[in-house]
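Two complexes follow with subunit A in common, the first pairing it with subunit B and the second with subunit C.
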Partner chain A sequence: MFLTQEDVQALILTARLAGTTTAILLLVGTPVAWWLARTKSWVKGPLASIVALPLVLPPSVLGFYLLLALGPQGPVGRLTQWLEISALPFSFWGLVLASAFYSTPFMIQPLQAAFEGIGERPLEVAATLGAGPWDRFFTVALPLARRGFLTAGVLTFAHTVGEFGVVLMIGGNLPGATRVASVQIYDYVDAMQYAQAHHLALVLVGLSFLVLLVLYTRRSVSAWSKV
Partner chain B sequence: MTGQILARFTKPLGDFCLDVDLSLPHRGVTAIFGHSGSGKTTLLRCIAGLERTEGSLSVNGEVWQDANRFLPTHRRPLGYVFQEASLFPHLSVLGNLNYGRKRTQQEHRVGLEQAVDLLGIGHLMDRKPDKLSGGERQRVAIARALAVSPRLLLMDEPLAALDLARKQEILPYLERLHEHLDIPVLYVSHSPDEVARLADHLVVMESGRTVAQGPLGEILARLDLPIHLGEDAGVVLEATVAELDPTWHLARLNFPGGSLWTRDSGLTPGHSVRVRVLARDVSLALQHYEHTSIQNVLPAVVEAMAPDDHPGLTLVRLKVGGSVLLARLTQRSAFTLDIQPGHSIFAQVKSVALLE
Partner chain C sequence: MKYLKTLAALLAVSLLSFAQAGDRITVAAAADLKFALDEVAASFRQTHPGDEVIIAYGSSGKAMAQIQQGAPFDLFFSADIAFPRELVKAGLAAGDVKPYAIGRLVIWSLNLDAAHMTLSSLADPRIQRIAIANPKHAPYGQRAEEALKATGMWPKIESRLVYGENISQTAQFAMTGNAQVGLIALSLVLNPEMKGKGSYSVIPQNLHQPLEQGYVLLKNGANKPLARQFATYMSSAQARAIMVKYGFTLPGEAKK
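So, the complex of A and B:
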């Protein structure tokens, strides 16, 4: 076969990680993006900067701090011990948490831009037509920002698929649990198995291209139909 | 108080302060007139609850805002038409119309079909807003606001974003609303023409304050305000079509205190019409000349005079039976003819604009 069973395992794990991360970030990131798009508070600047930090920090720095926080001496580590659940480092959920932090800007920034693009007016119109705040959010803001959601979702998913440094710091390299595709490729290269590395890498290139192709064709089609 | 809209607001606004205390009738069309930046739109937004500021507001006896409470916009039974149509782009015309309708619990005194018919948008129901013309969009926006059966309709310069042709397209629909629906309207405008056509009641605003408020005819006939209107100073008369003269294609309109001949543009005897007589179209004569091209000569009494915005001109208020006309003439003519309050005189009306 083209791919080994371990490769498939790594790909499935990668997809699961990216999917879970995207779902969690959608839930958490949407209200944050909404708030950032509409607030006039002074907190906006500092919060937006924190959101953007993962864009500039080396993944190893983020991974290092997360490892400290999640470890047995860290605040999250103590919490998991107190709750008597398994420790997060070197586990799938540890990876999810780390990925969520690492991909935050890719979710929040497109959403914030989409919400800002809607402007105040449609929401005011909805209010004059009897729609309360939640109603306005779900029936006006969400549909009008749907392209932003598509972009944010795809970017977050793709970015999580592509991460490497944070995964190594937090998750290590446990087959089936934390060995994602990017780490698997690293292992192949490390072991001079270039042919196997090629196969998996090609699959990733192909899949990523397809996803982005869908995103960008849809975009240009809808932009074109607006004319 | 029932039958009234009582509004009092104060709000800092750039260089000046919105500071109004209004008592308006809860019926008919009240125009809020003023130049750009006079605070008209802010006043309307305060009434809608879109701006939160100190003040109080009660509509037909219901308190919408006072020191202790502030009814949020979505709980106020109002309709709002913005300057731009602001239709929801993700919904069809029907979806837009139903959006507000589904969210209003009160009984629907205005049927959806009625709103659609009044605005003539029946053939557009399945279209998306981006497939409509500017005029069509604004008509849908007006129908959308009407379809919630508002107890107060707020319109913020609904024609200002449209070109002249589109304005002419929509004005008749607005006049139909006026005739067919018993919904009080607050209509913000800086166009004297729209005000003369649509309003029953007039509020004049300047730098955040109300300069005058009262029935349209009374306010327009005031000598201290027409200065703000410049070339558009003039009065509005409510008249009925008395007779038609098919030979000359003319129609005679009766108004309280006299009658005027005008071009017959397909009028029906017995119908009420609104006519506008601009001050610049009224000249004065001491005698009733037979040899003049002017068809309308009315006996009048000079009531008052005031300087106009140009030092060479003067505005004269005339009493014609039960009605009032304004005339604009040069200071020199007024001096030569010795026009003084109390003098009897003849008003020559050069042209009359039919508004309905």
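So, the complex of A and C:
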């Protein structure tokens, strides 16, 4: 067969990780992006910088701090011990935590731009028509920002699929839990199994291209429809 | 304008730093040599002032793949003597493969008393995570798997194993306490950073194939006298003393 059973397992795991990360970031990122888009507070600058940090920091910085924080002496490690839940390093949920940090700007920045693009006017109109703040958010802002949500969701998902350095540092390479497709390819190359590396790598190239094609085609179609 | 001048000055300085008097060689080395070979190179430099020995550490498998694809290394110190032998067969070497050390595997733990552990102790349910190097391509990982299989422990603890990309990452998993126990290289345990931390016991050598390590002069280094001198230095009394200090058994010496 073209892909081994392990490859399929790695691909499914990658999709699960990317999906879970995207879902969590949608929940956490939306209010942050909304706040950033509308605030005039001095906190905006520092917070926006923190959100953008994963864009510039090497994955090894995040990996290093996560390794220390999640370990038995670290704050998160102590918390999981105290709560008597299973330890995070070398686990799927540890990777979800790492990916959520690592993909934060890919969720928040497009959403923030979309919310800013709406402007004050539609919200003010809604307010004069008697809509409360929650109503304005769900019936005016969310529908108007839907393209931003598509971009943010697709980019977060795709960026998590493309994650490698952090996973390598805190994953421990466990099949079905932390051995995602990118790590599997790296292992093939290290073990000099180039044919296997090609197969899985080509699948990733194909899938990633398709995802981005959907995103960019939709974008240009909607841009055209405005003309 | 001012900025441009500063920038130009900085560029000039950084370019100048490349033009230096001595020779320079680049060495690819197995991760278990990290501290030992650094010290050998430092000692070598004392007799070769002005020359530079640049060492890139990593998994032997990766270095091997890079050399096959034309990476400009002059010497290759592998953790598995089979790799340089393959390079000789492929016509990528400029000399014979020489054994330089035999590595040892240890059970190491940050918080548990590993000094009194054997591989059978790993069945202890308190040990939730055991780090080994990836047996697919790391020599220390392959030997760890052999030893665990030889003692019948493999099926009991396989679900608790985590895999490091190379032996120093495996040590890192154990050193940060994220894995309670690591099966790692003695040479890493004996380095100054790790000394005094945790505890360890050496795994009997009869439980696995020997970790016979070998180096080879590569095509790229064939015409560099410095590469040959550094290779020769490995069998000097000073270099051998350093290797012994880091727990390596030397070729031609009685095994423990």
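The rule is simple: the second predicted complex is superposed on the first by the 227 of 227 C-alpha atoms of A that agree within 3 Å, B and C clash if a C-alpha of one lies under 4 Å from a C-alpha of the other, contacts with A are read in each partner's own complex, and residues count from 1 in each chain.
In the analysis below, a residue touches a chain if its C-beta (ideal position, glycine included) is under 8 Å from a C-beta of that chain, and two chains touch if they have at least 3 such contacts.
None of the values given here were measured: they were computed from a predicted structure.
On the shared subunit subunit A, the superposed partners subunit B and subunit C are arranged side by side without overlap. Seen from the CA centre of subunit A, the centres of subunit B and subunit C span an angle of about 150°, rounded to a multiple of 10. Contacts of A:Glu84 after superposition: neither subunit B nor subunit C is touched. When the two structures are aligned on the shared chain, A:Ala127 is found in touch with subunit B, with no touch to subunit C. After overlaying the two complexes on the shared chain, residue contacts for A:Leu144 are found with subunit B alone; subunit C is out of touch. Shared-chain residue A:Asp135: touches subunit B; no touch with subunit C.
Superposition on the common chain A brings subunit B within a closest Cα-Cα distance of 39 Å of subunit C. The residues of subunit A shared by its contacts with subunit B and with subunit C come to none at all.
Interface of subunit A with subunit C (complex): residues 67-68, 70-73, 77, 87, 89-90, 168-170, 172-174, 186-187, 189-192. Subunit C contributes residues 59, 61-62, 64-65, 111, 128-129, 131, 134, 136-137, 162-165, 169, 172-173, 176-179 to its touches with subunit A in the complex.
By the touch rule above, subunit B contacts subunit A in their complex via residues 48-50, 72-75, 78-80, 82, 84, 86, 88-90, 99-100, 103-104, 130, 144-145, 148.
Within the complex formed with subunit B, the subunit A residues making contact are 121-122, 124-132, 135-136, 139-140, 143-144, 146, 226.
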